[in-house]
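Note that chain A is present in both complexes that follow, paired respectively with chain B and with chain C.
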Partner chain A sequence: MATQDKRIRVLLAKSDQDAHDRGVRYLADVLQSAGMEVIFIRYRICDEVVKVALQEDVSIVGMSFYGSGYLHDVSAVIQAFKKNNKETGFIVGGTIPKGDWGKLKEMGVRGIFVPGSLTEDVVTCITSYCN
Partner chain B sequence: MFNEKTIEKDKIVLEELHKQTCETDESKLEATTAGGIALKPIYTPSDIDSMEYEDISAPGQYPYTRGNEALHYQRQPWVMRHGHGYGTTEDTRKREEFFEAIGGAYHVGETAEDKPFAFTLALDLPSQCGYDPDAPEALGRVGECGVSISNMWDLKELFEGKKIENTEVIFITPDASLSFIAQYVAYAETRGIPAEKLRLKSCNIFYHQWFWDTATFPPQYAVREGPELIKFLRENIPMAELQSITGYNPGEAGATPVMEVAFMLATAIGVVEECMKVGMKPDDILPRFYAHDHLSMDLFETVAKFRAKRRMWARIFKERFGCRNPASLTLRNYPQTAGALLPAQEPENNIIRATLMTLAGVLAGVDGIWTASYDEALNVPSEKAVKLALRTHQILYHETGIPAVTDPLGGSYYVESLTNRIEEEAQALLEEVDRRGGYVKCWEDGWFRRQLADEARKTQEAIDNGRKVVVGVNKYAVEKEVPDAMFRVDPESEKKAIKRVKAFRVQRDTASLKKALGEVREAAMAIRDDWPGSCGCLMPALIDAFRAQATIGETHGILKEVWGYGYTR
Partner chain C sequence: MKPECGVKPMKLVRKMLAGDVNALSRLITMVEDELIDVAEVMQEIHSRLGHSYCIGITGPPGVGKSTLVEKLTSIIRAEGFNIGIILVDPTSPVSGGALLGDRIRLQSHYLDDEVFMRSMASRGKLGGLSKKVKSVAKIMDAFGKDFILLETVGTGQVETDIVSIADTNILVLMPHAGDIMQAMKAGIIELADVFVINKADLGKSGHLMADIESIVSDRKREDNWMPPVVETQAVNNIGIEAIFKEIERHRRFLKNENLLLQSRLGRATDEFRELVKDEMSTRITKLLHENEIFRKYLGKVETGELDPYSAFREILNLMPKF
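== the complex of A and B ==
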């Protein structure tokens, strides 16, 4: 490559069963405005998140959940990354009960963002990880 | 509408008012509704003088601006609805019994003993999408956000011993309503109850992709689920409500009240036109369509929205579709209070928000309201929150005196004027839908979706920069931390549901099941290849499959294979 794109590459992923996507779509716009390259996918099963993240060589994976499935999906995706020895940051957003934040952090999630969280905090979380 | 003398006097009064207000800082007088309609500080007769009396008319009179009936809450309260369901069928049954014990049954039957229960069944995501609990797509989601239902044993546990003839059931599912209703019909048969005795509200929001953006069938096949189910219900379940027209979900996705009105009407028109292709007449089906609308925080805009929606519905179906049956012209509204407006911070504030939204519905004269539990942003509703939601209704009904008078805001200069504005703007938007090629086209090419997303973005930006105040979130916020969930679903629910569906599958007669599922596949192919002639072939095949003990994942899975299914944008 003649010129290397220095922009932070982010994959935002949401299950294709999960409704109410206004939060994650808004975040995608905000991250793009902050100079990041954002790929947004809807996935049927977790393998699709891993596949796209590896193909696109992203440094951050953000997963959004209106409904259920966050403990299962985040754990499955992080395990798959470990198997592939891929260094990637994970963030999670949506209606995530506080009692589960500890579990997600133990899995390796760096930031958890819930209704009312500020988008600038998401940007800070990502840039501090990538720098 | 007023005589010259009144308007003359009004002009003098307005001049006086202008003198009093002209020195006020203009920025204080610049107000808009939540949906962006510019407001004046004071409304007077001049604002509605161009109207005819017939535009407002009386409650129970065309065009039903003031409500569908002359006497409304005087005769019976609005349906105090509550969607429930979580974990296993046993958990859900317990919750339902709790709701009934605190007064959550409602009377619509012929005798005082008939106390039908509005059983608004929240399904978990896999069930909603037609996956059995042991499917790879279901893992980690079973029993969360709703109850898992995949097989006849689940229904048996949920309804055993209940007088289901008196239970009005809604299975909340976007595109799997056909399978759920077919399974319920097959279940009722096992109890010797014929379909014609059932009370059902069909959800069947097969058009959900244009607001939710989730996986579904391609629009050209999805839209056929409407007539297919409506035809079956009309011919077999006379008490069934045929079709839900939702404005709630578009509202949650960002629709302004004007968009909600226009896109709901576009949806109803789209469904009716598809039904006409298979030979149904609008007057045969419209009387049993119902609306699931959005209740939000701008009180008067919300009230005006319902009034405009009723009037437009009546006029469109009378003038454009030539309906003669008065029941075709009255839109019955069963709204829900906005979940998107209930933040996780200081969740108790949501009790107040939900009360005001419920009040808006009552002042608008709706037929039923689902009041959200205040802990909605944190968890599946706790018992305490469910009780408060029901108490909100009961206090409004019994303690405020509001139900004594039909349409108490009718004739208000402001409310009538705002009703007109919403109607004008919604009419223009509806015409734009037509110009853009109609309902299915606007759904297919993502135009609806973009309208909602742009609006959602604007709202979020206004909250982020403080222009739109959310108390306790971006103003007067003192609690930095979001509280933890107050209620959790037992994580064992998933294991129980998986175990049960596996045990269910091994006890079936595989030969008859295979044959029945083969017929579902053939019917699905006929719907795909031979429409509209094939309309009516799928529901009987689905019922046969459930008689042969199919699971929801099996039947809906066949439709997914034959029609295609997924996330397409």
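== the complex of A and C ==
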């Protein structure tokens, strides 16, 4: 058979109720330029993120937040993945106060990216997880 | 990529055939990335194929294909059928990456267990469809989907790949997007079974409709099907039922004329030819690089000792005759 043709598939998700999507759209473009296949969705409830990620069989799920609610949403999504026995890497971006970084990491989030973070670091975080 | 945790490929196929959705999505990745012997998977599922009816949706970028898929899905679901959806977007020729953005239009179906959606990148394959789309459509068929909706990348005039997969091909156009000459020179226009004029509220859709109807009636098709033209406003959910009715009418036509099986067998023959051609071409490329005799002739052309055609004929004489 032909040689393998692997690509890193990433899902980026942002709540429907949060209009501040400039950062996540920029990141989608950065990841695409880094050779990844990026799916971007909006969601009403966390179940939608889980369902899409499972159907698309992505290696990484990135969630973007401007407002509060990230502790709840990220925890709900990670729990649902565990329930489905699905190994996936999680990254979170947006305006995340430093005081909560520890809680997110404890949940299993591999990278937290805030205003001032470098896009190169996001790419490195994803590729090192996938390789 | 993460290791497969010891899951054997054929075990994955069996889990998928038993209705495991996660196995379905994993298997699609393995076929897409060629982490698995695709031919073996296709052989394994062959006896389960033929249930799904595949609808292809193609047309220029921005014409409203994803929105139409979303509305059409609602109608097909309301009829009680389950659906597999394949959404193809272009791969960047520069980075090899892709932004798979069609899915954002289909949010209303995310939580429906009977709808399975998969975004795919074209991965450099010309013709508007990923090379693997055919295999993925088959896997969804084997899984038991009643309908498969296949949305291509935004196409221009020559991307006719879709015909090699779908039972009914829909070409979506819109008013104010170039005159009728654009449509006439398009290869795809000869292959569409249903024409849709979306964004009909933009005005002048009547002109486009008359133009398409005149082209269609001027060109008699071999199968005698007369492709209908349907006006829609996908965002306002207008005209979608009419599309589904035409799809069903086309499907009945194919069945009554005994053409459904015939055209599927025709496509299988094409697929066989393509498989053999691909494999031969891979092998010959390898020979050209590695085989001593091939390299000898290559060298003779490089130094000017032989002209390309003489070298070619000598190589031909060395090839096995069937």
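By definition in this document, the second predicted complex is superposed on the first by the 126 of 131 C-alpha atoms of A that agree within 3 Å, B and C clash if a C-alpha of one lies under 4 Å from a C-alpha of the other, contacts with A are read in each partner's own complex, and residues count from 1 in each chain.
Keep in mind that, in the parts below, a residue touches a chain if its C-beta (ideal position, glycine included) is under 8 Å from a C-beta of that chain, and two chains touch if they have at least 3 such contacts.
Keep in mind that this is a model prediction, so the values were computed, not measured.
Please tell me, clash or fit, for chain B and chain C sharing chain A in the overlay.
Result for chain B and chain C: fit.
Taking C-alpha centres, what angle do chain B and chain C open up at chain A, rounded to the nearest 10 degrees?
After superposition on chain A, the angle is 100 degrees.
What is the contact status of A:Pro97 with respect to chain B (first) and chain C (second): first, second, both, or neither?
A:Pro97 contacts chain B only, not chain C.
Should A:Leu118 be classified as contacting the first partner (chain B), the second (chain C), both, or neither?
A:Leu118 contacts chain B only, not chain C.
Between chain B and chain C, point out the one touching more chain A residues.
C
Examine A:Gly108 and indicate which partner it touches, taking first as chain B and second as chain C; both and neither are also allowed.
neither
Just to be sure I read the superposition right, which of the two partners does A:Met36 touch: chain B = first, chain C = second, or both, or neither?
second
Using only CA atoms and the superposition described at the top, report the least gap between chain B and chain C in Å.
Least C-alpha distance: 5 Å.
After overlaying the two complexes on chain A, where does the chain B footprint on chain A coincide with the chain C footprint?
Comparing the two interfaces on chain A, one with chain B and one with chain C, the shared residues are 29, 42, 44.
Touching residues of chain B toward chain A in the complex: what are they?
124-126, 128-129, 131, 136-137, 139-141, 144-145, 208, 212-215, 249, 252-254, 340, 343-345, 377-379, 453, 456-457, 460, 464, 473, 481-485, 488, 566-567
For chain A, which residues count as touching chain B in their complex?
Residues of chain A touching chain B: 15-22, 25-26, 29, 42, 44-45, 67-73, 95, 97-99, 114-116, 118-119.
Could you list, by residue number, the parts of chain A that touch chain C in their complex?
Chain A reaches chain C through residues 1-9, 28-29, 31-44, 47-48, 51-52, 54-57, 59, 84, 86-87, 130-131.
Using the touch rule from the top, collect the residues of chain C that touch chain A in their complex.
Touch residues, chain C against chain A: 1-2, 5, 21-22, 25-26, 28-29, 32-35, 37-39, 91-92, 94-101, 103-104, 107, 110-111, 116-119, 121, 123, 282.
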